[in-house]
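Quick one: the structure is below, questions incoming.
Chain lettering (A, B, C and D) follows the sequence in which the chains are written, and residue indices restart at 1 in each chain.
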């Protein structure tokens, strides 16, 4: 992993995903906080240690992995979070935009002001896809909804909190963060606001990890667009062991059951009325069927 | 949406961002007045930030966290003082070493904390906003958002600024600090223990930096993420210089910088903003600091002995 | 007397490094690791085979270059703590050149030149703010470090972005334009011997040339230097530009020979270089073992982590402790 | 020695102190009764300042004790000394320039760290100054005061520290920076203090001042008391201090001056007004004047090649060539001439390090030559205390100055500029320096000597210019009192 396995975000999820495989009897190890500069070395080291499958968790490992894969025998490399086809390796592409669309449906239904906000840790395409999905979902149920977007940082909690506060001040009452571990700041802002003004609640969501039970604002987190990494890892692990391994892009999305919207169970039946639930489910079916596409 | 609310939000954000800068800045101001330039302030803030979080997470008592932040930062500040004052190594370089130590130390300690599952503060254990406990005060126009709809640290920062201004103008301590930074020879000849004063100033600055760090983790966000001070300490150094080593100047500088930060947040969500790379917005406060420093020029030199070891040989 | 003067100072950094390591080992022993196993793991990772040695040298290379960069400036009294940003600017400029030019064997060297130039320019910016606008170099350099990281991020997501991916990373340097590996299985390139050659050259310049002598004089007493007819400002400018160029060169070599691309939050070796310079007591040759020590800690840290489950942030603690110890032992006394 | 009752005001017994194993004071004993002005004499480095710092608690003696009125003074505590009624004025000003007089007095004489009452302090400052017939503006910034005023502030500060009943006032070379007239004004004030019962310990290298003020003296040599008692005759005093009769000076030129080497024409700016003069080969032109009357801007103008300054005899090269060809002995050797951490070898070659034979034309250093050169100069100029590899910082002040002189004069430069070249040196070392300058002049150099010590200046000068208030005037005669008058601004007679 690129980050620390306890970063409360992307890298930690990978560790948890891996732990689930481990529970299923697979032998695993983790090496964390590897920068692109040392990635090739680490990949070779792991291969030399005899691991049969290396999951390089992060797009920044794509190039080193491609390079290392040229010389490897018996070890397979999967790069999770990358979306490009490269010879010799499997890349796992996560498309969260469809799940984001489902969250957008909820947001569109529950917003009072019609103003929604999206905060991304960086302004690159996979993040923007979540924004577009969220926007499209919201518009599908409330045509006049607007989604303000802002890009902050994946690790600066303070900055993200300040950004969320700025959104709230603008009258935004639904905030969808895609900022990894730094979402703590956004949840903090939401919690603070809702404690102060319980009569005009601001709602929030989770992205990538399941934030429905986050300690700060779990009460006000409606749903999360989750990447089931254990699911994805199990897919590649299976193909690596049963001989179906084929270099190329594995597309993980709503249909594959890996990138899904998970409603907050404590709010289901309350704020998340059966009607909304039904709508979210319907949208999901249409997305899988391809009758709805994200622009 | 009325403009008034947006302005209020802008000001609230500005003050919230200015608070840690001011607290750490006041400490650094005292140290620089005494002739010590500590660019390890970033590391000290990080140490405080972590220690406050760790102890609050473990005990549920944020006051203990504050105490831990002060102690941790002072311990690290003590390392800086030993190296740069007692051993007379170059202050800049010693500051860099402190930063390294803080980054490594908090990184490793954070892992230990996580292994114990202490990655979140127990519910309701952080400090809460609206330090007076009277929500109505926060609704007051202007002073509400500026002063009352904030954490206690903001009030503390203002009190500390007042106290420091008073110390500078009206006490012998203020004169001693000034003299030690301006002409340590003269002070030593009068029997003032120059090194002792500098040690005191450095430890005070460390304590302030620790509090500023604690603000970030136990007040402003109730969270810790490695490296979460994100360069604030370096901005503090720029602001002390920008404020010409005066308390008033520092307060103004912190507010301006806070406004730049806060405005950056508002600007990002403007309709046309996406044309500009978002990194530019994030670089904005730093560019503002650079430009402000460049425009301020070299009109007033700092304490004459700033950065110099004592005794010189 | 002479012996005591010349031998002890050279030994102090080694003692500091050993002491810092000892500190870490003691800590690990306390929490239940076997120190022998920890050391053995580190040793196998560093020197277990020629390949491992190659990797060690590979990782020490950027540290040595940024160390030389910081050392050159510090010796002349220019406190360039902006090597972090200069490295990044060098890296991203080199990348732009590598991607723009038709690939050839010359490409990496052109990129290295461009990277060095960019590093020098970035340092010139800080130097100019100090010289003409009175912003202390230390401050302007640090603030520019942050700006450089943002500029790199914007470039990598903007003009240099790899159009085939949604990830914030640049396109890959074509194979023909890369700096080839000397040892297959590593990214040990000509950059490594070149860095050592630069260290030796720095040392010769410092010891044996009028220019180096003037740098030393200015670093120790600029007033006396000025009155001795040394053009102080022009020498300082030269040191600043040279320092920036070396840092930029480090970044350029890393892109041309090791990573072949940059992501939005690329790693920099600038601050680490400052620590290397200090541990090497600003002596260009001393920086070679210092760079190896730091790179060794990085590699061992990862080995410890993978095999023993030890957090590798401990390596950073050891680095900070070693530098603090060297400082406390009285090398690099404050300026007058 | 003194009567058993009452005990002496100050009694020092068996006081020793060494620095790095070298004794600075070695078993010093002496006593002074109340209400006298007592002289402490000795060469540079004899240990006078160290002894005074021990009395004031700034330095802790290794053995021995100090008693004030029969009461032991705890060592190493300036606060205790102040409580015992000791005030001290240091050899160098101990005033913070950018603070006011009041603030400096509060700093230097106050205690504790709490709130200050500036009005009350200002009143006391006026009161104490009034007793000595002085007027001091408590609100003035030190930076705006002249040296005479500063010295008064120092004295008042020292008296304030004693809290109104100063029993001992220590004055370490208080007259070193004063004009003769200012000295004349200081002396009655000190006498008044003594008459009021205060004991004044007075240190000075100027024996005529000691003769005016001090009925009794203690003479130190190499950290030991060599005499203690009534003031001896002048010759006896110098013998006691130096151990031999001081060298006689009288080093005027014998030949007539040659071509012009330095021309200053209508130099303006930096506080200078229409300055013009010429220095020719084979003459020493001395610039007398009290510090602060334009010496600094004048030196700066010459070194920075102001347009008004031409050096006809020197290279038509750039300033750098010019400076290298110039023999420059700057005011502050440690900061302006030497690179203290570098070796003597390096310091002796600095300036010529790019030139043949010390470097090739490519700038490659020939360090073997450096060493031989250093060895040669160290012996020729009699530098003691180190070899070519010794760092300059390990030498004593006088030897450091010799290194500077060796470097600057061995090349027989056509023009020499020397600023206070004997500052901090004892009589013998001073004479060496002046002789070296005279020898260079006799060898054909043009010498510009800017010097604060009138006696020494007159010993070697062929012509004397006086700098006052940024203007320069040629002294009509070499008569001491006339020049002293010009230095204080009296109109040309």
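Couple of notes before you dig in:
Note that in this section a residue touches a chain if its C-beta (ideal position, glycine included) is under 8 Å from a C-beta of that chain, and two chains touch if they have at least 3 such contacts.
This one's a predicted model, so the numbers in the text were calculated from it and none came from an experiment.
Two chain pairs, A-C and B-D, are weighed by contacting C-beta pairs, with A-C ahead. In this assembly, the C-alpha centroid of chain A lies 36 Å from the C-alpha centroid of chain C.
Separating the centre of chain B from that of chain D, both taken as means of CA atoms, is a distance of 45 Å. For this pair, chain C with chain D, the centres built from the Cα atoms lie 48 Å apart.
Put simply, the C-alpha centre of chain B and that of chain C have 29 angstrom between them. Annotation for chain B: residues 107, 110-111, 277, 282 touch two or more other chains.
Residues of chain D in contact with at least two other chains: 340.
Multi-chain contact residues, meaning those touching two or more other chains, occur in chain C at positions 153, 157, 336.
By the contact rule set out at the top, the touching chain pairs are A-B, A-C, B-C, B-D, C-D. Chain C makes touch with chain D in their complex at residues 2, 207-211, 213-214, 216-217, 220-221, 223-225, 227-229, 231, 336.
Only residues 170-173, 175-176, 178-179, 182-183, 185-192, 313 of chain B touch chain D when the two sit together in their complex.
If you check the complex, the residues on chain C that touch chain A are 55, 58-59, 62, 153, 157, 162, 164-169, 172, 184-187, 254, 258-264, 266-267, 298-299, 302, 305-306, 312.
Of all residues in chain D, only 56-58, 78-79, 82, 88, 90, 92-99, 103, 106-116, 340, 393 touch chain B in the complex they form.
By the touch criterion given at the top, residues 74, 79, 81, 129, 133-136, 138-140, 142-144, 146-147, 150-151, 153-154, 157-158, 271, 274-275, 278, 311, 313-321, 323-324, 327-336 of chain C touch chain B in their complex.
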